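Okay, so chain A shows up in both of these, paired with chain B first and chain C after.
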Partner chain A sequence: MGICLPNPGEAHINGVIVPEEKAYEEAAKQFLMAKVPTIFPGPLVLWAWNEKAAKKATAIRHLYNTLKECVQPGQTPMLIPMPDYRPKYPKINPEVEINPNHPNLTIWHNKIDCCMFVGVHCHQANLALKIIRGGTSCYTIAMCAQAGHEDAMLSFRDASVEKIMKLAEWVRKLKGTVQPRLTSAKSGASN
Partner chain B sequence: MADTHSVIGTKNKKGQTFTDTWKMMNDAPRTPSFYTGSEVIKEALRRASCDVMIAYPITPQSEAAALIGELFAEGYIGDYFRGESEFAVMSQCAGAAFGGARVFTTTAGPGTMRAMENFPMWSGARLPIQMIVTCRGINSPLSIQPDTLEIAYLLNTGMLVWHAETAQDFFDWILKGYMVSEEPDVHLPLALCCDGFFVTHTKDVVNLTPADMCLPPYDPYRSPVPCMDMECPPVRMMRDPFVMKSNYISYATHASWQQEVWAAVERSRKHTIKWLNGLIETENTDAEVIIVASGTAVSQGREAIRLLEDEGIRCGLVKVKVLRPWPGEEIREATKNAKHIIVPEFNVTGWLAKEIKATIPNSERVHAGPRVCGGMTMPPEIIVSEIKTLLGIHTVSMASRG
Partner chain C sequence: MSKERIKISEDLYDIMPSDYQDLVKSATYGKEDRGWKDIGNSKELIEQHSLCAGCPESMAFRYILASLPNPEDTVMVGSTGCTSLVFPMVAVHNIHSLFGNQNAIASGLKRALSVRFPGRTKDVVVLAGDGATVDIGLDMTLQAWFRQEKFTTICFDNELYANTGGQESGLMQKGFVAKMAPVGKLFDKVRLPEIARESGCHYVVQCTVSKPSLIEKVVRNAVMISREIGPTYLQLYTPCILEIGKNSMEGLQEMRDSEKPTERFAYKEYISEPAKQLLAEMAAKDKEKKAAAKQLASQGA
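Then we have the complex of A and B:
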């Protein structure tokens, strides 16, 4: 609680402020190591409420497609939306969505061991990231459009179309150079 | 969609230029003006690009609410109206902020206490409302003289809490306060407190920024929560609190929510240090005796230090500007050489001394006093007398002062 967030041009990895370039490399590695690398797009990019949001959504789809092209057999990239923040009872369907009030259900159900939040309002992202960190061992990445998230294990700030595309480039660049965690007996997602 | 930066250099309907706040506060020429604290609040608001001000007339504590009404009549405030009580005002402030407005209000003493339920709600809903608290007595018999007991109640609401010493602090901090509390990683309400009557009713020279410059407007699209979405928290919590559901997930969500509010208080530290040039100010921290104070007790402390210097006794000073986030590290560092830490306060319980004792090593060094309450003044001679007593120096009784 309360680490110092990165300044523009920086990111953080496990709370340590690093140059943004280093974070691209680490995020791409984590995606390529994961058995179920997953992108969680939120309302700010799921709805075309302005031109920038629509362009970001296209970039996120490109990142997802790049992930699918670059992983090895046995790895299963996923794209699961967080369409809104409504509390849902008795519970959400973890196969089709993630909800900030019980994000661990989606992580557990799909055995997600690395995820990236993008387009989620900061408060809701931090809420979900705290619960994921407390209840799972999933590696968390935040592509934040504002100041970044200390509750993610790796966080970018000032997310833009260019930054999302750059992460996709890094995934492609590291393709075949990272050993996936396929041999581990359990998914990293369990608590 | 509003873009704060795109409007810099353009003019508002009153002909004021939206100005980069850093340049406006640090580089723009200042005009010395002789104003009461209440008038200073009005002048700060003139430059604050405030969308909504909701008032409960707290005269005689402060004329600020009425004076800002004049600003509305002149066209400087987007909307302005009177609530039927302080509780109503603070609830209406929440509604305006939920809708994406920059909101301002004022309160004091019993009004603060009446409205108290709203303050943790503001924090939990991440609403960057600015509330001026011109502190006065909260208990019967009532008093409009300064008594800072109400600040103690605000410290655990999740609001940012700053304590101004002078009208100049007030002018600058009202404008800078919006810059801190509207940062997306903070986005919390600010209780900007002063010791009422002393600061609000007395005139002082205050250096004002040009009246034709104003803050850039609030950009609600940088908010960490969606504004005015009736289906989603935080608005939805008003009608369907998930915390009412008795299951583990609800508890986990609520716990994370509270942690996030207090993490945001901590994150404000970086921005507050930048805008206020630190959470504390210090003088002579190598002295054996240090006065640690906030609000007008700082001014009385300064005068006591001057009187002690005349007698060859060296004394240091720590002015605590910000109470939330709490400047624990800064106070530990500033008091590390002190043998005696004197904490003069304008309240009966000594909440500042308790906070300091909980922060520093060897807390028996803290002398929780002198304290006055119920609107009494604190002559600097009382502080001098206490310090001399602590140092084992003979002092004349103050009883004859009446």
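Then we have the complex of A and C:
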């Protein structure tokens, strides 16, 4: 059967199609529950190749700042770039970047237990999401500008500046209402 | 890609790894007089390359990339071999072709770019090893030259198939014994520079990469001539130090030894009449420019 991708106005959570509003709530909850909630911006937003990309970058920074404001002590939000997709030798520095060919290194090193991909080309996002899903227990969110990602545990589609801002609003809205997983080692990233 | 597009989003600038910040801050894109002297004090164009320690190919790559006259509007076409391991690390657009069909890909690419960007200068440069250029891809190499396709072909000649363990190639010298060719080569090294000349190349050079200034000159000439007149070919000796039993630091000396007048990589150059005319015009323009700059400087003083 596989996973059907959402239609416009919808999203999917663990393969189940839901109204987009429900996905905002769930994504915000996951971010606020995580010990190391992380945003992975890709080349489509890291490089200001058009005006829209630059605006999305601003929205991503806003989401990150909101996360920092809304988490509790002991939670450490991160913003780690995926600047390009080339395999790197001998290996990447997992403290400063993530690479789609071995994304698990960055997840493991930083003990990331919830991440969101944004501005990553779909074919590379699919590869990285598969590896993360297969090799870690990190919760994966895709803020996809196209049709969504079946390999993410939660996926939006048609990502825009407004949608990123709306997710930030939801994070703010749920501030203080979600219990973070600070003590549970099993729920964090693992191999 | 225009260099205006190579900008990091302001809001995410601080999280970008320093490699990428350097690329934007110190790249030589858009600089008219860029050249090998930029290597070291500007962004070197290769990051974390995957070639062996001391490999002359890495020197050659750096010199060539630093010498391209128009890197922001250049597409390089690579092929299977050691070079293909480096291309993902290069800050110039590049395409990996199938083993041997690099000149066919480049032909189509050059034509497509001319149609898509009629008002802009787009350069195409093929860079492949001797296996791709002379053995497996000889048909495509020659056909591109016969058709007078306007791009440069550069062959990194290491005289064998290096990254598969040392098999015999057409450009291997006669009598050479390689790890995977124990009998020794029975035939002469293919005389591709001569074949290139007869096949219609307007600028042909064979040399080693021991002298960066020379590489800068021949790369610039080759690209400018291919842009205006027709195909050009550079055959650069980049010995595989591992396969010829040398140490990492001995690559440069090996090239110096091989470029002596009596050796097989003695400097060889052929320039067609139209190309000679173009080079003379370019030299005259350069001279005028320098004179104008000198005059301006003396007025300022």
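Please note the rule applied: the second predicted complex is superposed on the first by the 186 of 191 C-alpha atoms of A that agree within 3 Å, B and C clash if a C-alpha of one lies under 4 Å from a C-alpha of the other, contacts with A are read in each partner's own complex, and residues count from 1 in each chain.
One rule holds in what follows: a contact is a pair of C-beta atoms (placed from the backbone, for glycine too) under 8 Å apart; a residue touches a chain by one contact, two chains touch by 3 or more.
Note that the structure is predicted; figures quoted are calculated from it, not measured.
Peer 1: Can A:L46 be said to touch chain B (first), chain C (second), both, or neither?
Peer 2: second
Peer 1: Which holds for A:Q146: it touches chain B only (first), chain C only (second), both, or neither?
Peer 2: first
Peer 1: A:I80 contacts which: chain B (first), chain C (second), both, neither?
Peer 2: A:I80: touches chain C, not chain B.
Peer 1: Quick check for you: in the superposed arrangement, does A:H121 touch first (chain B), second (chain C), both or neither?
Peer 2: first
Peer 1: Touching A:A54, do we find chain B (first), chain C (second), both, or neither?
Peer 2: In the superposition, A:A54 touches chain C alone.
Peer 1: If you stack the two complexes on chain A, which partner ends up touching A:N101: first (chain B), second (chain C), both, or neither?
Peer 2: In the superposition, A:N101 touches chain B alone.
Peer 1: By the touch definition at the top of the document, which applies to A:C4: first (chain B), second (chain C), both, or neither?
Peer 2: So A:C4 only meets chain B here.
Peer 1: Please identify the positions on chain A that touch both chain B and chain C, taking each partner from its own complex.
Peer 2: 86-87, 89
Peer 1: Any idea which chain A residues touch chain B in the complex?
Peer 2: Counting only chain A, the residues touching chain B are 1-2, 4-5, 43, 50, 84-87, 89, 91, 100-102, 121-124, 126-127, 130-131, 134-135, 146-148, 150-151.
Peer 1: Any idea which chain C residues touch chain A in the complex?
Peer 2: 5-12, 15-17, 19-20, 48-50, 88-89
Peer 1: Touching residues of chain A toward chain C in the complex: what are they?
Peer 2: Residues 41, 45-49, 53-54, 56-58, 60-61, 79-81, 83, 86-90, 93, 96-97.
Peer 1: Under the definition above, what is the set of chain B residues touching chain A in their complex?
Peer 2: Going by the criterion above, the answer is residues 1, 126, 183-185, 187, 222-226, 231-233, 236, 240, 242, 245, 249-250, 252-253, 256-257, 259-260, 262-263, 265-267, 269-270.
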